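Here come two complexes built around subunit A, the first alongside subunit B, the second alongside subunit C.
What follows is the complex of A and B.
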């Protein structure tokens, strides 16, 4: 008797866990994005070797500026957030109580690095036109 | 002020799935959400079901999702959540009726942490209590504050995905005994926690820490357990 306990993805994403939960979700998105990128990359190389035209199409997708910016976001956020988690995990008694401050610092570093990287990707793309 | 309260309703004898019912009532900004629910149950709809006991944030009975976050209804003021309030049962546990969830799996996980003092040594020669210094007591002071309301465990994404995961509340209970200088069962507990569904399932989302109505640094407690597992030190 009773409703099932399953928590759907949409329900989970609607939980208002605030800043730390947002970084948790973005960390997963970052990891998933990198996995997709590597899969597409391997697939494109394989298909190109076979001489199939679809290889160029796949290459065009991951060489496109929006996809590159998305991948930059995934890699940078995943790396910086992972570093923050690792540092806090190594010193739980002294540092975890400052997790909110650590997340604020993480965002500042991420925004600076991502801005540079994104601008670089966009200017490179414009130069290619 | 007029308050619009949207409440998740589910009657296992009639409903296949839950639905939301909206009530409009007059409430004081200083009323607690529990007062609002009591008002609805007493004056509007006597079939509304929810748990409550002490109503003072000590028993942990009335943990529920209020405007999307786990809170105790007796510690949440209307003025803090606004005139539009959505009240739902805790996530990740079966809903028995309306806002009441089946706490069975939660307490099963709690019991796995051996939540009692383990010490087979003879009692001190004077026949009185086992003494400990204020510093030794302070080591696990935070985790003694847990009231087992399940607000932390049911806010944890790892628990949502897998109810076999012991959850933050059980791990806080383990922390309370592992770091107690009088207890000698740390090895047994660390062995239980080192299993697949133990502390390794904590991915530091911090939802538990944010949800805890007793302001326990839960993620810190779990982090200390993880470190104790790796280093074997209980300092």
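What follows is the complex of A and C.
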């Protein structure tokens, strides 16, 4: 019988996972969030073009600031974390040893960009009122 | 303490399907960064700086579909609806779609222990990809 290695998210974050595990989980959450959003958005736009009101209703939800902030989080985190992974993978022998420093830089870039994008989403929504 | 790199060069690892998809994921990610940058530069070149907010420019850059600039203050969206930008949008959409569907399959594989379940994971996700790709291309080319 194999070892049982399933642990809860909180246990994984407290144990050795920590920063790298958090980015791993957020990368997956961001990726799945985008996959679900884009699939539903495309299908909603398609049925909206056929004259079905349900498509318009779903796309109106997507235009709301809370949803835009959620999707901005998914897109920006997935894109910035993906860029870090790609850069480290391109030069593994030189850069893998600095992966924790790379994660720290990633968080600084993400927080600056996400804050700017979230404020822009809110001010754009206020401007539409 | 510096961790010792545990990676093997490609010559020792060999080119399997897994290695190919590993490279494909990174290549499509780099391709998407290129598409987004190209979309931002294109929007600014076509006069977005006085007629679009940052959010609207980003929305256009993510997929340069003319429907994404419909509700902006642009006086004329004709340059945004050219065949060239529809081709760029199609390229970005298919690149993102193939990257995304591979990612979904990889994530779900981690929670499906049986081979039979993993096979169905592939069949269903590939079928969904073709349906969504057809709907997406229809939207881009008829917007």
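Here, the second predicted complex is superposed on the first by the 113 of 129 C-alpha atoms of A that agree within 3 Å, B and C clash if a C-alpha of one lies under 4 Å from a C-alpha of the other, contacts with A are read in each partner's own complex, and residues count from 1 in each chain.
Basically, contacts are C-beta pairs under 8 Å (C-beta built on N, C-alpha and C of every residue); 3 or more make two chains touch, one makes a residue touch a chain.
Small disclaimer: the values here were computed from a predicted structure and weren't measured.
Of the two partner chains, neither subunit B nor subunit C is touched by A:101. In the superposition on chain A, A:49 makes contact with subunit C only, while subunit B stays out of contact range.
Put simply, more of the residues of subunit A are touched by C, taking subunit B and subunit C as the two choices. When the two complexes are overlaid on their common chain A, residue A:92 makes contact with subunit B and with subunit C alike. Looking at the shared chain after the overlay, A:39 reaches subunit C, while subunit B stays out of its contact range.
In the superposition on chain A, contact of A:115 is made with neither subunit B nor subunit C.
Of the two partner chains placed by superposition, A:64 touches none, neither subunit B nor subunit C. Of the two partner chains placed by the overlay, only subunit B lies in contact with A:20; subunit C stays clear of it. Where the contact sets of subunit A with subunit B and with subunit C meet, they give residues 85, 89, 92-93, 96-97, 99. Chain contact summary for the complex, subunit C toward subunit A: residues 2-7, 26, 29-30, 32-33, 53-56, 58, 62, 67, 96-97, 100-101, 103-104, 107, 128, 132, 135-136, 138-139, 142.
Subunit A contributes residues 1-5, 7, 11-12, 14-18, 20-21, 24, 85, 88-89, 92-93, 96-97, 99 to its touches with subunit B in the complex.
Here subunit B touches subunit A in the complex through residues 10, 12, 17-18, 65, 67-69, 91-97, 102, 155, 157, 160-161, 163, 203-207, 209-211, 217, 219-220, 222-224, 226-227, going by the rule given at the top.
Partner subunit C is touched in their complex by these residues of subunit A: 28, 31-32, 34-35, 38-39, 42-43, 45-46, 49, 68, 75, 79, 82-83, 85-86, 89-90, 92-93, 96-97, 99, 116-117, 120-121, 124, 127.
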